Amino acid sequence: MREGQILFTYLHLAAAQELGAELVKRKVSGVAYETIETDDRRLPLLTPMSAVAGRMSVQAGASFLEKERGGKGILLGGVPGVRRGRVCIIGGGVVGANAARMAIGLGARVTVLDINQDVLTYLDDIYEGRIHTLYSDPFTVEAAVAKADLVIGAVLVAGARAPRLVTEAMIRNMEPGSVIVDVAVDQGGCVETCRPTTHEDPTYLVHGVIHYCVANMPGAVPRTSTFALANATMPYVKALAQKGLEKAAADDPVMARGVNTYRGGVTHPAVAEALGQPYTPLSV
Amino acid sequence: MREGQILFTYLHLAAAQELGAELVKRKVSGVAYETIETDDRRLPLLTPMSAVAGRMSVQAGASFLEKERGGKGILLGGVPGVRRGRVCIIGGGVVGANAARMAIGLGARVTVLDINQDVLTYLDDIYEGRIHTLYSDPFTVEAAVAKADLVIGAVLVAGARAPRLVTEAMIRNMEPGSVIVDVAVDQGGCVETCRPTTHEDPTYLVHGVIHYCVANMPGAVPRTSTFALANATMPYVKALAQKGLEKAAADDPVMARGVNTYRGGVTHPAVAEALGQPYTPLSV
Amino acid sequence: MREGQILFTYLHLAAAQELGAELVKRKVSGVAYETIETDDRRLPLLTPMSAVAGRMSVQAGASFLEKERGGKGILLGGVPGVRRGRVCIIGGGVVGANAARMAIGLGARVTVLDINQDVLTYLDDIYEGRIHTLYSDPFTVEAAVAKADLVIGAVLVAGARAPRLVTEAMIRNMEPGSVIVDVAVDQGGCVETCRPTTHEDPTYLVHGVIHYCVANMPGAVPRTSTFALANATMPYVKALAQKGLEKAAADDPVMARGVNTYRGGVTHPAVAEALGQPYTPLSV
Amino acid sequence: MREGQILFTYLHLAAAQELGAELVKRKVSGVAYETIETDDRRLPLLTPMSAVAGRMSVQAGASFLEKERGGKGILLGGVPGVRRGRVCIIGGGVVGANAARMAIGLGARVTVLDINQDVLTYLDDIYEGRIHTLYSDPFTVEAAVAKADLVIGAVLVAGARAPRLVTEAMIRNMEPGSVIVDVAVDQGGCVETCRPTTHEDPTYLVHGVIHYCVANMPGAVPRTSTFALANATMPYVKALAQKGLEKAAADDPVMARGVNTYRGGVTHPAVAEALGQPYTPLSV
Amino acid sequence: MREGQILFTYLHLAAAQELGAELVKRKVSGVAYETIETDDRRLPLLTPMSAVAGRMSVQAGASFLEKERGGKGILLGGVPGVRRGRVCIIGGGVVGANAARMAIGLGARVTVLDINQDVLTYLDDIYEGRIHTLYSDPFTVEAAVAKADLVIGAVLVAGARAPRLVTEAMIRNMEPGSVIVDVAVDQGGCVETCRPTTHEDPTYLVHGVIHYCVANMPGAVPRTSTFALANATMPYVKALAQKGLEKAAADDPVMARGVNTYRGGVTHPAVAEALGQPYTPLSV
Amino acid sequence: MREGQILFTYLHLAAAQELGAELVKRKVSGVAYETIETDDRRLPLLTPMSAVAGRMSVQAGASFLEKERGGKGILLGGVPGVRRGRVCIIGGGVVGANAARMAIGLGARVTVLDINQDVLTYLDDIYEGRIHTLYSDPFTVEAAVAKADLVIGAVLVAGARAPRLVTEAMIRNMEPGSVIVDVAVDQGGCVETCRPTTHEDPTYLVHGVIHYCVANMPGAVPRTSTFALANATMPYVKALAQKGLEKAAADDPVMARGVNTYRGGVTHPAVAEALGQPYTPLSV
């Protein structure tokens, strides 16, 4: 790429120092999906992937609960007269809320833990009696995990390592053949025993518990994911195409926060720090 | 009353021998609400009282879970972030289904146990994910009762003593301050430790568990109950008034089954047996 | 307590002048739950108690509609074929919305009155056809109260006396045996005829209408309330413990609004006015 | 048509004596949709038309409540903060249940009156709190009609004149600009003031109340109606085509009940009586 | 009117230059419903009319799908076994969301297109599986319109001409007898072939497709609309009456944005531009 | 086994002639789960396995729509703004209804085809607007299959080969990467291109369409299946144990229909025919 050209995609420069250096050197305008951030701190270009991953997580978990795939051989929804599966979802953000919807839909007993009271209240409002919400602390997490057939790790903290809320000791308490899906694995995982896997070899066992930790879950449903991402990026693409980067960033601070490199400078403070380069505030 | 007059109400002659003898002696036509029975063995004049009692049972239970009334001080629906109360309903018939609806409505975690698969399937169908249905056997009853904050005894067997499905040992396993409401108490109760109480003094304690066993629960809401009963009896009253007993019974076997005494004979086999009188088949 | 120590609880200094004076004298840092206020004017440490009180209010009301407890003897949900009870909820905030959920759950006909169009729209959205929302003005209140079996007073205005929207004249129009639960009684009540009662003697009659005005309703379900409150206070407790008051207040204006007394000064303007003391802006 | 040929359609011979005579004379096998009757007395070839008519009735009623079409100018669903329209449905059978679904869907306050407790219970079950069911008697009908914005007459009695449950006096009590849709008009109407109208001139006024009494409501949506009817008749058409009338009727009493004329005889007792012809039991 | 008097209503001065000039000349304080605007850019005095229009649009569309009114003769909800109607709603704002609710209620297959991801997510949340949401672009609009039985044009852009998202070519692809309701017709319409009609002569045909483009839809249900509007304006009327315009505008920027003319100056920039008059910032 | 002993399990003697011969020779009483049949022709001991298989079918189908498993890479529920997957379920009996519930729960667009109007009406009743029901004929099947992402074959005819409603030509019209799950494969399959597979190698491709035809689907979730089956068989086991075969069969014709062999005779007509043995009516 050449000077002045715009690269608009997931950049993750903190984990791709060479790419960062090259963008700076070539004076490419690097606009990163993952740092496009609204005033109320949402990340609109991560949201669609989180929604897909959250919905997929329960589908994957249900599948690995089957006997042939190593699971304890239960159906999440049970059938009338037979106990339903218990799904414990750690975190009620975009990932967790989408996971909850699928788990409820499959007829499971669903518990969502979070520390944000507004999140719990909204879930309680719209799922009237089909969901159990609990304030998350180490004791409730421990108790909920111990009884769960399926645990969904859905705690992501924007721009930070996911906190390890589910410890190995908790895993050890789970019934063999239970399943853990850690959607936060891209950010280090919120389950202590998790390490990234691939769609080719998606699971491994720890203490008899199946761990599904595919790093790029939405990759399994590319048709859905691609449309979801395209819908989300479209307004920004249009703004860049119609106005150019300068005016687009000047008009919209959300866009401006996405600019990581510009005319040879690193224009995002956290990225600058990660790259060990000086931070040059964006002036367009 | 005089010969040929019709007495149409709850008679319960098996438990009222003197009344039975008098009806026979006076040749009164005694038509009993409780033996009006359809071809598929439903009891349409007991149904409305069962519906009222079922709905009331949860309301009463919720109330006695309050601290001031001796309960463990929990709110059945919890609030977002705090665990919901667990309601265990033994029996999914008219009483149990109505209790389930109220418990779901108050936001509790509801488990219904029954041995009739069709009953469980229908509840599972209409409450999609807001109810847990379990096949009833001593082990599932024991486990469900042990965890419950509120147990509703809702097992009634038409014309028979209610089976004692909840034993004293199970009660002993419950947490102190939990509540049991036995709607079957009129028929002897389906909970071993139950004995009838009154609206004036509705509860007593066994092993720290509050027992609410008011024998005539619908009596607490007479406006609702009276209309409910009147609606149910109306078609039979009309038939008796318009056709007379003879033609009404001849036209409709459901009505005929309600006739307990007629022209000095006992015309219902079970009643005859209970009264120790000969059984005279109804011929009208 | 000694200088520098932090007292973090409900303080209500305006109604506890002596306590206020003492905190000032001893230079205690008084942080009041009730003045912790978000930028959009919500009171997060009052919310959980309001949710509990709202949910309890309908349960209490349903209970006092029973004949033995003095009520008109109706079941809120009716049964099929018999009219359902009518619940009129004055105010659609946290208390009212939680009351509405329980009333809907018990099968009542529910009307919520409020002047906030967004509040009415949200309730209309999530309860699709199970709730009736009305813009509150004296005429609609009067009409709705006159027909109600159960009125829930749920109008609270942050930091002010509750407005008396339900007048004695309206109460006189109600059917005898109807029930009023005034959740706003702690703030003077939004029903003209209300005065505080206790859990021991919770009700009294005015014009034949049962008044339930227990001042501390959540006290009846302490297990639920305690967890609810602990969940809500936890983030603030953590901040105080980890950062100390000064940094916690400096970092977070929500916390800062909670500080009523600090180093011998009164640091909350409304509290200062109520105590007749000078207002010392917090500087940490 | 010639001897032995089968005419399979709506015949309504009681009201078409000439046609009946001709079928007998020509020895045509007349199989009437309207007398195909199951063992439990349902009329499967009338059901689809009843479903269509029931669903249309509310749509038509809502439309005529508009000011320009003469109505009182209200929207059935209201909007948040404004009262919803009241729909009173007399009869909870196929017509009434389908009307109820649409009225609920449009957000109205819906009351269904019927004397069949099972019908009311099923509606109460599936519409949980979005419907009000009342046992039908003259007093409840009168009260419900008086308050209604839209009354749907949905009482049909198989093979009989619809009973006139809504009297002219009740109509006089309604607010001007209210609407009545009498779906039973084909059978004489269940509203005293009703007389058949056409799609070209569908309404007229009595006491200021708009009467919509189109005799063939499903005719307005022929694409939907035709498919609905074809689906219902298909199994009978197949049986007739594959087995011939004789074997089809011999195999299936439901089919046999549909045969009105056969080899010059009238083979349905009610039809024979209506035509003043001897009844010849079908022997195939 | 005289100097200092306040005219508080819909003014639409940009389209009523003469009125604007007169208000300026007479020094009337013109406060326009349509420019009362909240900080987050909502228009609270347009919202109630949009809600009414959205709800009415589906009712009107369903009605014109009837054969006698020129439509293709289908019932939106179908009946069991017969395909349901397809409703395509362009825009998910207040109009579209209200239209969606009615279309869902009538049992149609509903697709809502919008470019605002939050709008789509909220609709997906509350209508769980009863709605299909699609990101709006020319291709999805084209595909959705081509299959629709009823298209609702619900794209309004505050203060601007509605964008023409549905082209004549798309209309040509629709099946004859389909219906288009363009709620945006007041703002020029979001359908290329739309021009305003009246309640007296509400529709016309283009390419066999029925166009319903009544400019003032809420006028058909004045009782509902009047209350809706009164509820919304009430707080502003109260503020004007109690405080006078000057203090009301000083206290509340939302109110201030509504002031179009004041003491002979034009105090709203867009109105000033439209009237070709100098813009005089409001100073009260 | 010896004479007089009872073998109570799935027998499927028609497909296990040797076993049949042996039971006859040894005079074992063979009571077959699959011929236990109620008066209204339901098969209560097949129902639980059908429920499990129906629920699993959608879970399996969703899983094989993932790219890595060969599917077209879509998520059944889509996400807001992206089209949902289309699931076409052929047959609305126990299997189909359970499949529908899961597909609805996962957020798919669900179409169920059946020829039983009552089945379609019940599904329409309980899933209000979340399901599309169509009368099944070759044309609607063809159209529905062509557009589907996932087809569930759920047509089972008691005691007969499943009809081949989905032809190879229809499969050829499906989009590559679509998935077919034929739950009827045990009975020969209702899809022309289906042949039984195993959990080890569950799928194969025909015309690019993934075929999942595992013969014993409930085997994948043995914990759920075993309880489901035990619940269903329990009442029969109890009757056999408490009364002996003779009295159990004499008391209950449902049980009697289950007796295939008794004292050396073949006591079920269809089984006798299949085994080429004389039919000996059961006389106990």
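The first chain written gets the first letter, and so on, giving A, B, C, D, E and F; residue counts start at 1 in each chain.
In the analysis below, contacts are C-beta pairs under 8 Å (C-beta built on N, C-alpha and C of every residue); 3 or more make two chains touch, one makes a residue touch a chain.
Just so it is clear, the model here is predicted, and its values are computed rather than measured.
Trainee: Quickly list, by label, the chains bordering both chain A and chain D.
Mentor: A chain counts here if it touches both chain A and chain D, which gives B, C, E, F.
Trainee: Half is the threshold here, strictly exceeded: which of C-D, E-F or D-F has more than half of its contact pairs identical to B-D by residue number?
Mentor: D-F
Trainee: With chain centres defined as C-alpha means, what is the inter-centre distance between chain B and chain E in Å?
Mentor: Inter-chain centre distance comes to 55 Å.
Trainee: Give, as an integer number of Å, the spacing between the C-alpha centres of chain E and chain D.
Mentor: 38
Trainee: Taking the mean of the C-alpha atoms as each chain's centre, how many Å separate chain A from chain E?
Mentor: Their C-alpha centroids are separated by 37 Å.
Trainee: Where the CA atoms of chain A average out and where those of chain B average out, how many Å apart are those spots?
Mentor: Centre separation, chain A to chain B: 51 Å.
Trainee: Using the touch definition from the top, which residues of chain B touch two or more other chains?
Mentor: 48, 80-83, 101, 104-105, 107, 117, 126, 128-129, 135, 227, 231
Trainee: How do the chains pair up in terms of touching? List each pair.
Mentor: Applying the touch rule to all chain pairs gives A-B, A-C, A-E, A-F, B-C, B-D, B-F, C-D, C-E, D-E, D-F, E-F.
Trainee: For the complex, which residues does chain C have touching chain B?
Mentor: Residues in contact with chain B: 48, 51-52, 55-56, 59-60, 62-63, 65-68, 72-83, 98, 101-102, 104-107, 199-200, 219-224, 227-228, 231.
Trainee: Taking the complex as given, what residues does chain F use to touch chain D?
Mentor: 115, 117, 125-126, 128-129, 135, 137
Trainee: Please output the residues of chain B touching chain D within their complex, sorted ascending.
Mentor: 44, 47-48, 101, 105, 126, 227, 230-232, 234-235
Trainee: Over in the complex, which chain F residues touch chain E? Could you list them?
Mentor: Those residues of chain F that touch chain E are 80-84, 104-105, 107, 109, 117, 120-121, 123-124, 128-130, 132-135.
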